[in-house]
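Below are structures written as structure tokens.
Next, two complexes with chain A in common: one pairs it with chain B, the other with chain C.
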Partner chain A sequence: MSSLYQIEYERKELPKKYFQIGLLFLCLGIIGIAAGYFFDSHRTAFNNIILLTFFISISVASLFLVAIEYVAGAVWSTPFRRISEFYSGFVLFLPVLLIPLLFNLGNVFHWMHPEVVEADKILKGKAPYLNVDFFMIRVSAFILLWFVFYFFIYKNSKKQDVTHDQYLTTKNIRLSAVFIPIFAITISFTSFDWLMSLEPHWFSTIFGVYYFSGSILAALAIVTFTAVWLNENGYLVNGLKKDHYYSLGALMFAFTNFWAYIAFSQFLLIWYANLPEETFWFLDRWEGNWIFITIGLMFIRFIIPYFGLLSQPSKMDPKRLKVISLWILIAHFYDLYWLAMPNLNKKEFLFSWIEISFILVTIGLLIVGFFKLSGKNNLVAIGDPKLKRGIDFRL
Partner chain B sequence: MSFVDYTKEIQVVEGKQPLRTIDDIISKPLETKPDKKFYIAISVTLTMLMFGVIGLGLTFWYGIGMWGNNNPVGWAYDIVNFVFWVGIGHAGTLISAILYLFRQKWRTGIARFAEGMTIFAVMTAGLFPLIHVGRPWLDGYLFPYPNQHSLWVNFTSPLLWDVFAVSTYLTVSLIFWYVGLIPDFASLRERTANKFKKITYSIFSLGWRFSNRHWQHYEMVYLILAGFATPLVLSVHTIVSFDFAVSILPGWHTTIFPPYFVAGAVFSGFAMVQNVLIFVRRIFNYEHIITLNTLEKMNKIMLVTGSMVGYAYAMEFFIAWYSGVQAEQFTFFNRALGPYAWAYWIMVTCNVVSPQLFWFKKIRRSIPIMFVVAVFVNVGMWFERFVIVVTSLSRDYLPSSWAYYTPTLVDAMILIGSFGFFFTWILLFTKALPVVSIAEVKAVVDGAQPSHKDH
Partner chain C sequence: MSEKILYSYTGIFNSPDEIIHAAEKAVEKGYKKYDVHTPYPLHGMNSVMNLPPSKLGYIALIVGLSGALAALLTMFWISAIDYPIVIGGKPLFSFPAYVPIMFEVTVLSASIATVLAMLFFFFKLPNNAHPLNGTEYMQKVASDKYGISIQCDEKLFEEKSVIEFLKSVHAKDITPIYYDNEEINYKHKIFEPKFILFLVIAGLISSSVTYFTLNKLMFMPPFTWMMDQSRLDVQSSSVIFSDGYGMRNPVEGSIARGSLPYQFQGQPELAGEKLINPLPSTKNVLELGLKKFDIYCSPCHGFYGEGNSRLQGHFPNPPSLHSDKVRNWPDGRIFHVITDGQNIMSSHASQLNVDERWAVVNYVRVLQRAFNAKESDLQ
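Now for the complex of A and B:
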């Protein structure tokens, strides 16, 4: 049965010039990365992990936001759900980001060297989990799973644009409900595989939740920025007001707190118990000039967005939201840098053209990817039965 | 599969009825004399409470030796009960504060009752640390105050943080509850003919006259209190988890404890709220206010939080193995296969397996089944704390000091007494105050909201 109303919506072409800027960034970055692999493959591979985990965050957590909307029956986010759907499409790029790493895995994971494992009793014990074959199976199975759910959820949503069939929503609710537990498991083990096992002796049960909290923030930030920008420039439907902005801002605020809560819990418990098999991971991030990055993390990831979004008006202010959401995206990148890089360089952090190349690729890919994935598609899920309620949403 | 129309919002309160009937139906239990059923119920709970009183009397007279605690299991029933009851309290604040911030209107029917349960549960929980010190006349020293003995509390101990966290929580919950009650007190004041009641309600309604200005202030206060209560409720069970997790004992020291405990607390709290509400809505004829849709939503939350708890169990297990730390590995092996394996598997079955039934819509909407599942959840959550506390202590680092802990009759009596204490308060509450918020429910009935649709 089709819904009874029509929403006025006209698909407008996105400005080409941003695409060109994105493409320029992407090309420059790729040249930089290629040079990086040529000159210092070790360090470039570490950076590549940051890039990969960043885009896993963007894509998979965006799909999670879509799934949550379906399962919870939320209406306020329906007018910009399509944007999150586009970002979940970044799962298509993950294999590309992965390929250069595949040739350099031994450079980053020292548990991949049989002679190292042989000499290390602890690593030997972990070998049933930390071994190349199982690692590759996990990585490819996870990407495949994400792709399958993205493919079907997105397909149904797009089909609804034309058919207005309410049953497609029911279908997507079911898919989403199945996706959520799969998401919880895959995102946790992804964080163990790509980030925690960089230091294979270290372990923390909350680590999966830590990566989850950051990923959700990144997905929320990117959808907030895009939604506010598109809405201001008239690419979305009429009627999106501060009530919608407020909800996005409040969620970013909530997850900023959630991130801090998780990060602090992990730190406090390890610091308090003071067991050497756990504390060394934090010490690596505290010694040398890493201390500045660590202290910076508290400010960049928590204190600044916290005060930036604390007051009620600031959660509704589109200008503020755009700044803070970009800030949160940068903070997520910074956080991943903090997680990955101290395993490469103890005592001193490095930042040079290799890191800059990766930042260029990130920006470029975000823009180019969004253009490519949105293509000729509607930017709003115009066939969604909840859309009218979503537009009418008031606090 | 029936057809669902997503273009329309599901009404929180079923049926379109005059606002006056809402007043009538919610205040009815307060305006009628308690019936026979009430007396039977309260005699049962008071009997249970008496068991607790006797158990406590024996404890105070003969000492803590009456309990099953031994060396190494120095913490057992008392701390298990404490954590269990604090956990029960969490659903109330989640419903009243967090769901309020998320603007979930379906909370209105159940918020008042859940908040009340929070207060009673925290009161029940508060008894246990006071008992556990063994010499309850020295409880005052739990609070840091300058005294002539120059005795100070240990500020680095999470047990002290508990004192602050739980007492703050109780205070804020009480204020939150009371603020929500003010408009209802005013409604009751207008209705009653009894002089004594009129004076009482007048005092507690603080001169509320339903004016626009009052509502404006009220909404603001409520929002701010919700904002305060939200981090507070998370912090309480976080600090309870710190009681264990800051130690170095395997099975206690693990970084996922804070969010895991919070999820577990919400889980058990929802189960308890659902259990009691099933009776309340039936006895007081609130089926159209606390609808089946509301209960279904509660069941969904139980499914989510139960699965989160399951995730934490699995993660603990996996990381214990992955860590390569022998003591960690042994602890978890011992939990699942050691002398307390029975408790462990009760916990897993009740907490992880049974809520998975809520994947099915039919079960989510079947009152008998959901009731049974929620009872299972309550049992399972009690056992979770038992498993955590007892298995880790009974077999710690030194095999020569291992011992099996068996609770005594006195332990059991105190546990029963805590249920008696809690349910006695609940029963008194149902006859003393409106268990559903009159003002909030009126705001969500069909036609009460201004429509934005065609203006």
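Now for the complex of A and C:
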């Protein structure tokens, strides 16, 4: 007897038309990016960093959500855990997003030029960490690590669909427990490498936590949106209830607050100490018309989602939850734009067809990637021993 | 002895599933006045019983927001209005510094208000009389059983049908609950002798602890270390530096921020000739001059500059400021005396800044004119 219960589940085909829309967006965006590299490779490379860090956020943080579920023994998220697993599969696309950047690294990181480093005392001091060889080692090692954990956790989870073997859960718990500290370290250094080193003179020890909080929020948002959408259209077993929606909404609410807490902590210390070597980073984002983007960030990233998720009914209403989760996803993209782009252009923010084509690629890749990764696989981890309890979950 | 009145019929269940089922049936049957008692909160009970969402959240929201606003206004008033001090070169009203305080006050006030509102508003705390109190039924549901109680003021209440209903959902120990009208309506007096004794003892303990802390504990060793530090006391020489001064002189040639070196050191006549009084004799300036004169000059010169000091011979009296000599001095000459000192009078440059010195000069001029008033001044 493989299991005490049998879940009724039939894999339904996802609607093809969304895939076609996604493909269209992706193709248009790729043409735009190719043209961008042809006309203005400098600016396109900066945008590419936003794209890359966005998908690192989604994929690695989704894997983190999966790992947290295993380690904590959570049952409520089991009915839609497979969705997080699909999104963590985006690590497969990271090398593709990375390749165009590799040819333009000198454009974005001025610490990569030996003559600049030679003339700069501070960069010289940071050279043992910030040098091209070590950078490449870190980037490839991190992607490899994420891929390895994704591969094994996902493999075990998929195998369980067929075998209903409970020991696979134990295996995944062990893998997850190892992955979580690795995630903490890799995500911090990723943020230092890709985002903070755009301005190599600046430093903030909380920066890794800042990127972490935003990443978790983005992963939660995309998982929430997909889970709610699939559930409303009947792709998930028996359906998620208000209780699941409420828990997802509460987690997003908590991480919205956490992001604001971290972002403000970073700002407050720099503002209070008022040291020129730290404040210039914020001043870059406060001068010219960047001030509108910065003030917008407070509203888009914190105040609007905060009040959108504050009340109990808003966390239970699938319609509002979908709107808010999409909003948070956009806000994460906006946040990354705010982190990266002022290093390219001070005083004045840029937004035109290059940025738009990157947005198209982001949307297209999210849709196409989800379709490709879900493929013929089950959308629900039907072999998981926690699934029954997860479906019956009540607040 | 008053008679026993029927309050409700109760039934006991052994598992949470049974009680949820029973509540569902009670709702189906149309009962309105019933209650469910469980040893711990049961998930899903709210929705089964169709309970409206709690209003407690609104109290937390309103009190939390007013807490944030109160913190903001308090900080604003303290640091920008009542006691404005520039800290770290920041503006007097610097919002980021207030955010942590606003956050803490929001959390504190919202949580306290929530607890208090829950206890006194929703639970009606001082009222502790309830027919179910002290019954066997309550003892059971408070430990490991789950109970339902259907009240007799229920519209559909009929002893037989209720008993039947309870039987139909497989309740055990179906018992009626009676209460004593007198006991329920008995109003407890607040100030009973026991309570007054408690208040007295609590007051005594807290005031004696406060007294001990402030008057004794603060003068015991680890707390006295702050007073024993090597510092410069007034009217004594310093133990820190061998020359007896408490502070070091500025490096030669350095100039303090916002001050100009005095150019006419030891050249009174030149000062009188070259220095020009920059301040007009306005009301503000004269008031400042009066204040500073009364503080720094009047101990020796007297309140009106007549040279009648309050020092009663411990220190030689200065000459009057109303002599022809002083009256004919230019303003700069008087300024020089204040700045540089003269004869036994020492320099007052460290007590009075430049503007204050000129204000004092203006005030001395007013005194001089008042002492030599002409007929025409009175008109």
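We take it that the second predicted complex is superposed on the first by the 392 of 395 C-alpha atoms of A that agree within 3 Å, B and C clash if a C-alpha of one lies under 4 Å from a C-alpha of the other, contacts with A are read in each partner's own complex, and residues count from 1 in each chain.
By definition in this document, contacts are C-beta pairs under 8 Å (C-beta built on N, C-alpha and C of every residue); 3 or more make two chains touch, one makes a residue touch a chain.
Because the structure is a prediction, the values reported are computed rather than measured.
*Asks:* Both complexes share chain A, so when I overlay them there, do chain B and chain C fit or clash?
*Replies:* With chain A aligned, chain B runs into chain C, so clash.
*Asks:* Of the two partner chains, chain B (first) and chain C (second), which one does A:G234 touch, if any: first, second, both, or neither?
*Replies:* neither
*Asks:* After superposing on the shared chain, does chain C or chain B touch more chain A residues?
*Replies:* Result: the larger residue contact count on chain A belongs to B.
*Asks:* When the two structures are overlaid on chain A, which partner does A:R394 contact: first (chain B), second (chain C), both, or neither?
*Replies:* Both chain B and chain C are touched by A:R394.
*Asks:* Could you look at A:K126 and tell me whether it touches chain B, chain C, both or neither (first, second, both, neither)?
*Replies:* First partner only, chain B.
*Asks:* Looking at the overlay, does A:V209 come into contact with chain B only (first), chain C only (second), both, or neither?
*Replies:* First partner only, chain B.
*Asks:* Answer with first, second, both or neither: which of chain B and chain C does A:P15 touch in the superposed model?
*Replies:* neither
*Asks:* Check whether A:Y272 is in contact with chain B, with chain C, with both or with neither, and answer first, second, both or neither.
*Replies:* Touch partners of A:Y272: chain B and chain C.
*Asks:* Of the two partner chains, chain B (first) and chain C (second), which one does A:P385 touch, if any: first, second, both, or neither?
*Replies:* first
*Asks:* Under the contact definition given at the top, report the residues of chain A touching chain B in one complex and chain C in the other.
*Replies:* Shared contact residues on chain A (touching chain B in one complex, chain C in the other): 268, 272, 394-395.
*Asks:* Looking at the complex, which residues from chain A come into contact with chain B?
*Replies:* Going through chain A, the ones touching chain B are 1, 3-5, 73, 75, 121-122, 125-126, 129, 166-167, 169-170, 177, 181, 184-185, 188, 201, 203-209, 250, 257, 261-262, 265-266, 268-270, 272-273, 275, 277, 384-386, 388-389, 392, 394-395.
*Asks:* Report the residues of chain A in contact with chain C in the complex, numbered from low to high.
*Replies:* It is residues 264, 267-268, 271-272, 274, 310-313, 394-395 of chain A that touch chain C.
*Asks:* Hey, which residues of chain C end up touching chain A in the complex?
*Replies:* Residue positions touching the partner: 43-44, 53, 57, 61, 88-90, 96-97, 99-100.
*Asks:* Inside the complex, what are the residues of chain B that reach chain A?
*Replies:* Residues 1, 3-7, 9, 101, 103, 231, 234, 238, 242, 245-248, 253-259, 307, 311-312, 315-316, 319, 322-325, 359, 452-453.
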